[in-house]
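The following pair of complexes shares a single chain, subunit A, combined with subunit B in the former and subunit C in the latter.
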Partner chain A sequence: MPTTIPTTTSSTRPGSPSAGDAYFETDTKNYIIYDGANWRGYVSDGVAGVSNSFSGSFDGSNDYVDCGSISSMSGVSAQTLSVWFKPAVAGEIPNIGWWSSSTTSYGWSSSGSIQTFNAKNGVNESFDVASSVPNDTEWHNYVAVFDGGSVAIYIDGSSVLTGTASNTTLATSPATFRIGQFGTVSLYEAGLYDEISLWDAALDSSDVLALYNNGTPIDLSSAAGGYDKQADLTHWWRIGDHASDTGSGGSPANGDTISNVENAANSGTNDGTGTNGPTFSTSVPS
Partner chain B sequence: MFVLPTFSLGVVGSPIVPPFNVTIRDTEANILASTPSLSAGEAGIAFGTDTNDFYVYDGSAWYIFNNDS
Partner chain C sequence: MKNYVIIDASEVSSVDFDQVAETSADTLRYSLDGAKTFVKYEGTQPFFLLGKTEYTHEEILSILSGPEWTSDEIN
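Moving on, here comes the complex of A and B:
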């Protein structure tokens, strides 16, 4: 029999606790103890991360992984994109997504001081996050949620921007989706990219906080903590950690050129092909 | 009249309180692979013998509390 402790929630804590009473809060995942006057909280460091040995290193000049056109996001009203990114230059965001024209695109684009999320469908508008981008070269998790025209942007599990787009659906006929480059536009961003994922659903703040998991990526194919959108996961490029990912030396190895990175959520659909020499790296978010 | 228990040397004794014992003590890999059976309203706890971390299972996932000492 396991040793157990009682559970509660942050909104239903006992009204007349005794000093020393302890609970596990199922909503915050914190351990709390009453000291006789106040509840003291002990913050969980998260759940166990997914096995993760590799990321992709992109030079910011011409490297990219081409994943083809993603038909599952054509004309949809809900879509979420998550990417872990470690910039080579402090304060930069990833370049990733697809682009058809100045008014039709999807994804993150970084061009100098203009750092935006785009979900354009006929109107040239975007969501500028430059003021919220961490000014360092550490790993960060960027999540963009499009939900019927509402846009919510999260960095490291925290909401940094909400807005409303003119369009309530994404554009039809998406162009080729690229990692390391914003579609076919000449916008590249140097750094490490990992665990890129798409859902045909709008993740909520609980999902996003669970994705961040205090800096350690989780297994997106299973529910954990506040994350329960595993059934809506359509794409998950693990960049060296899926069984069939390959590099110039066969199985992925540090420094090898990326050949193929499969879509772990649906192998055979939108598998990615390394172009112009991105390499595997053993630096991963943790 | 209530008389406190004493030992032979005349020292006031403390009430004996059973220790709070964590019964699941195992490697992290084994802990994370396990799914304790729990009743409603309770969470299971465990101690990692290779990590010295503390683990709480809420019925769906293990939450890690890292050893900070």
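Moving on, here comes the complex of A and C:
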């Protein structure tokens, strides 16, 4: 016979608890027990992660996955990009997105000490995150939210930057979107990339915290934890973990060259093509 | 472990793309002035590259981060 734990929220905890009272907090997903003087919190380990066996390994010299032009982000007022990245060099961020000119681009770009998120539409401005980038070579989750000109940047579920762009919409006619390279310019970044996703909506902090899930990617096609934007998911490149992803040996295998990585959110639209030798890796965020 | 070799742009026509990791001549990365490019491979150096200097991954990334290959003004 299972025991049903009573629920509360972090803002409506009982005012006069007795020692031993225990609750499940529905907003934080934590278990709390009153010890007679204080509430003791037991932090959730997160929800079960999505099945994930492969990531993509890029050498940072000239390899990338080409996903074509993403028409769904043309001129939109809301867009979110999430990427899991394990840099080859400590303190680096991914190079991923599209670029038409110095005033028209979208995505993460890394060039020396300049590490920015770009949502440019006619003005050469970007959002510098260099001071917030973890100085290690571990997996991290980078999320950028564009919402009518407001920009919010999260690393590993935590807000690291908020700002306002001059433009309230993204540029029209986006150029080809690439993973491992910032569009078509000579900016590449070595490391492992995984579970790259786009929404035509602005994810909120609860969504983003749920995406991070204590370091384990979740199934983006269904609600989990505080994430409920599954209906707005337009692109999800799982890099070896979608049924139709292929490598040089057929089905993905560690070290094989990436041939094709499908958009798991909408197969046949913006499927990615491995170019110049990126390979599958069995190192994944977990 | 991949090896990298820098070649002149004029030598691209001699590259056998079945023996290097690059996909085609159209996807090569060129120096900013367009005069040089490079290819990478694993194992034995392809015949058409014999005699050319091989670089390690670390060495080529150092070269590519220089002003000949990467512009500070791109961002």
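We adopt the following convention: the second predicted complex is superposed on the first by the 285 of 286 C-alpha atoms of A that agree within 3 Å, B and C clash if a C-alpha of one lies under 4 Å from a C-alpha of the other, contacts with A are read in each partner's own complex, and residues count from 1 in each chain.
The definition used in the following text is that contacts are C-beta pairs under 8 Å (C-beta built on N, C-alpha and C of every residue); 3 or more make two chains touch, one makes a residue touch a chain.
Small disclaimer: the values here were computed from a predicted structure and weren't measured.
J.: Could you tell me whether subunit B and subunit C fit or clash when both sit on subunit A in the superposition?
T.: fit
J.: Between subunit B and subunit C, whom does A:S109 touch in the aligned arrangement: first, second, both, or neither?
T.: second
J.: Quick one: is A:G46 in contact with subunit B, with subunit C, with both, or with neither? Answer first, second, both or neither.
T.: So A:G46 only meets subunit B here.
J.: Where does A:T4 make contact in the superposed view: on subunit B (first), on subunit C (second), on both, or on neither?
T.: Once the two structures are laid over each other on A, A:T4 reaches subunit B alone.
J.: Would you check which partner chain A:G225 touches, where first means subunit B only, second means subunit C only, and both and neither mean what they say?
T.: first
J.: Quick check on the superposed pair: does A:D63 touch subunit B, subunit C, both, or neither? Answer first, second, both or neither.
T.: Once the two structures are laid over each other on A, A:D63 reaches subunit C alone.
J.: Return first, second, both or neither, reflecting whether A:P217 touches subunit B, subunit C, both chains, or no partner chain.
T.: A:P217 sits against neither subunit B nor subunit C.
J.: Across all Cα pairs of subunit B and subunit C, what is the smallest distance in the superposition, given in whole Å?
T.: Superposition on chain A places subunit B and subunit C at a least C-alpha distance of 38 Å.
J.: Write out the stretch or stretches of subunit C touching subunit A in their complex.
T.: By the definition above, subunit C touches subunit A via 2, 4, 21-23, 27-29, 32, 38, 40, 57, 60-61, 64-65, 69-75.
J.: Within the complex, which stretch of subunit B touches subunit A?
T.: 20-24, 28, 32, 36-39, 41-46, 53, 56-58, 60-66
J.: Within the complex, which stretch of subunit A touches subunit C?
T.: Against subunit C, the touching part of subunit A is residues 59-63, 102, 109, 111-112, 114, 116, 118, 126, 182, 185-188, 190, 257, 275-277.
J.: Within the complex, which stretch of subunit A touches subunit B?
T.: Going by the criterion above, the answer is residues 1-7, 24, 26, 29, 31, 42, 44-48, 223-225.
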